[in-house]
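Across the two complexes that follow, subunit A remains constant while its partner is subunit B and subsequently subunit C.
So, the complex of A and B:
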């Protein structure tokens, strides 16, 4: 009963919304999420729930695959460091508000210490601990080896390595040219551009939250919600044919899922205007083209008028519009996800003639 | 009866010790400076640094561990190369041999789990650097170098994924490399590729697009195995080594581990 409920709620439309809601709460109330109490209770809750889930044979069979162990370590690392960074930021914010300055800047912490032994020994112990960790891991979990390569028989599902499963999950909502090329390109360009866009001089060299709220919110959304959480969906919730399966749901090859996604052009011409699709592809896709034009060109202008004037002033034109482009590019993903979930929308612009589907 | 202290002193006074280290044990200021400045490996470090920069609560040691795991992967990788031939005929059986015939063999495990671990530590390192605002001036350039290193880490892991030549390997690489097919204008299945033609002559086809260049063929076959092997064992590690040198150099030149201004 509980397991069925969890299977149901794990559906991306609910789980993604829940993660997003929790993320928004974190940004709004970092002092709650970053408190020791919250951290401790969440840790206990996560451990108890995880132990309970492990007792389920179906969940255990997926989670105990040798190649999924790294994702458990990743999750522990991401959640732990995520909470810790917020915790440290909130502590520093309190100090800054009280006029004391960040903890990293106290006279005691500014004091210079010898690299030998302070730094060299830390590195040595970290290296030893890491070696022990790796050896234990290597002894208890054999590296996976399946049947010899057979180009004529594809396993189902055929999954990319886990660190690319976020991208593979995007394939549900976008064609490969977007999910595999354009969006990763935007990620790389966006990451490299961060220091040149973010002109806020505060928060350089210490943990803080309040002083860099916008930058932290943007980065964390991309990192935790879009990247890490999509990896979870792609790894644990996608079975044969990339169909959704709940964490306790057996990967039944014959699970039938109704796929009747509709292009925007069909909504516009057939359902909206009650006529057939025009022959000319550009006229046929006019609604999608206009919509994308509004989104990528008019929306930035409108947003600027409404809310962005002071940022435009402080960042300058190039920085500001680059930021707009990156944020809107990133937002395309959740927007397309919700359009799919709520309106079964397949493509906003569908031009298979040019392999250009968006 | 010599106690340990004087034994250590005796060792430190031998001609052999002095020939290697050129200074006494690092228990006073002069020698602590000399041990770091006079050692080619340790001289990556500054002689002295701010206390906040050595605290685990600040750095999480993630960048250092990434480098350490990279070294561990280099060592285990070289050992694995002794046993492995990158051909469709031998690759899989060599991996079997590694498992069946090498006593106490955990080299492949260490290499594989180490590769996963490096991806994790490099991501968390980036997260830490972001959360401490350490990409801000004067460290903008080094952040960019770090992003490139992160991509190369993923590519190292990705190219290595093919080498066991089992079902997991070729189909994961097939899924991954199929993305290249969809590159706008440069992949035969990507937008704009159909426009690149002169009459009947198709300029971008599955015989010359980016995926073909990556795989050395139209599917993941023997040519792809050799390419990924060279990329994995030689080309990308060399580029990574050079960029790591730049990365570390710039950490020092940009003022060491970040701290409040």
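So, the complex of A and C:
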């Protein structure tokens, strides 16, 4: 009964919404999420629920795959450091609000040490510990030896390495050219561009939350929700045929899912205007092209008068539009996911003739 | 007195030496790069032939037939007197879909694209239908599937000669 409810709520449309909502709550109320009480209680709750879930044979069979164990470690690491950063940031924010300055700036914390030997020794031991860990890992979890590759057969489900499963989940909503090349390219370029866009010296060398709200929220949404959480979906909730399966649901090959995806052009011309699709592909896709033009070009210009005004002033024109491009590009992913879930929309712009779809 | 020993090149000689040197260097580098380029291609390719004889049309039942899928990557689909050869490569990212007879659809294991038995995409992210290979009849009346020629639906090629045969 409870398990069925969890299976139902794990469906991406609910679980993604819930994670996004919790993320927004964290940004709005960091002092609640960052408190020691909240951290302790949620740690206990997570451990108890996880132990209870492990007792389920189906869940255990998925979670104990050698490929999936790194993700458990990743989850613990990301959640732990994310909470710790909020906790320290909130503590400092209180001190800064009281006019005391961050805790890292107090005289007893300003002591300086030499890189050699303090840092180099630490790095050396961290390196040795990592090597030992990897060797032990390699001994206990052997790499699978499978039959020779066959170009006319694929395993079902065919899954990417665990760290790319978020990308594979992203590909469900996009064309391979977009989700495989353009969006990862924008992610890499965006990460490289951060020092250029973000010249704000606040937060250098000390934890803070209130002083860097937009930067932290923007980055962490892309990292924790759009990357880490999609890895969870791709790993634990996608079974044969990349169909959704709840955490306690047996991976039945014949789970029937009714789905019929429709392009925006078909909504616009056939359902909206009650006529056939035009022959010319640019006229056919005009609704999607206009929509994307408004979203990527007019929206940043319009935002300069509203929410973006202070960023335009502090960043300058080039940095502002670069930032807007990156933020809007990132927001395309959740937008496209919701469009798919609610309207079974396949592509906003669909030009398979040019291998170009969005 | 012996002839005057030349100690330096004049301008014309210098440039001709320079030209010879650069041409030699360029030729050597090009030669080496051509080896590297050649190295990118395998010596032996264990790939099935691009065309094959698929027997008589009446050997096939109505609907999807998987007998050539593992060897050649081709599904035979026969329906209402039309006979087509479908590629088994998903048009989304090139995985190999599975034929699910119970659901009567092809379903890709990578991102969940789904296709009707005739190859039209209807679910998941696949942007276009499965490609069709050229089919023809040889003088004996057997079917020849030629994978070098593909017909794409979105380009309106499924009605072309060779995209199907009437049986």
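We adopt the following convention: the second predicted complex is superposed on the first by the 317 of 358 C-alpha atoms of A that agree within 3 Å, B and C clash if a C-alpha of one lies under 4 Å from a C-alpha of the other, contacts with A are read in each partner's own complex, and residues count from 1 in each chain.
Convention: contacts are C-beta pairs under 8 Å (C-beta built on N, C-alpha and C of every residue); 3 or more make two chains touch, one makes a residue touch a chain.
Just so it is clear, the model here is predicted, and its values are computed rather than measured.
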Dominant contact partner of subunit A by residue count, subunit C or subunit B: B
Partner chain in contact with A:352 - subunit B first, subunit C second, else both or neither: second
First, second, both or neither for A:158, with subunit B first and subunit C second: both
Partner chain in contact with A:175 - subunit B first, subunit C second, else both or neither: both
Which superposed partner A:99 touches (first subunit B, second subunit C, both, neither): neither
First, second, both or neither for A:256, with subunit B first and subunit C second: second
Which of subunit B and subunit C A:205 touches, first, second, both or neither: first
Subunit B versus subunit C as contact partner of A:119, first or second or both or neither: first
Contacts of A:191 with subunit B and subunit C, given as first, second, both or neither: first
Subunit B versus subunit C as contact partner of A:77, first or second or both or neither: first
Footprint overlap on subunit A, comparing subunit B with subunit C: 150-151, 153-155, 158, 168, 175-176, 180, 353, 355
Contact footprint of subunit B on subunit A as seen in their complex: 67, 69-70, 73-74, 77-78, 81-82, 85, 88-89, 101-102, 104-105, 108-120, 122-123, 126-127, 130-131, 134-135, 137-139, 141-151, 153-155, 158-164, 167-168, 175-177, 179-182, 188, 191-192, 194-196, 198, 200-208, 212, 216, 219, 223, 351, 353-356
Touch list for subunit A against partner subunit C, complex: 150-158, 168, 171-176, 180, 240-243, 253-254, 256-257, 259-261, 346-347, 350, 352-353, 355, 357
Residues of subunit C that touch subunit A when the two form their complex: 47, 69-73, 88, 91-93, 95-98, 100, 102-103, 107-112, 114, 122-125, 127-128, 154-155
Subunit A partner contacts - residues on subunit B that touch it in the complex: 26, 29, 32-33, 35-36, 42, 45-58, 60-61, 64-65, 68-69, 72, 88, 92, 95-96, 99, 106, 108-114, 116-117, 119-120, 123-124, 127-128, 130-137, 139-140, 143-144, 147-148, 151, 154, 157-158, 161, 164-172, 174-176, 178-184, 187, 189-195, 219-221, 258-261
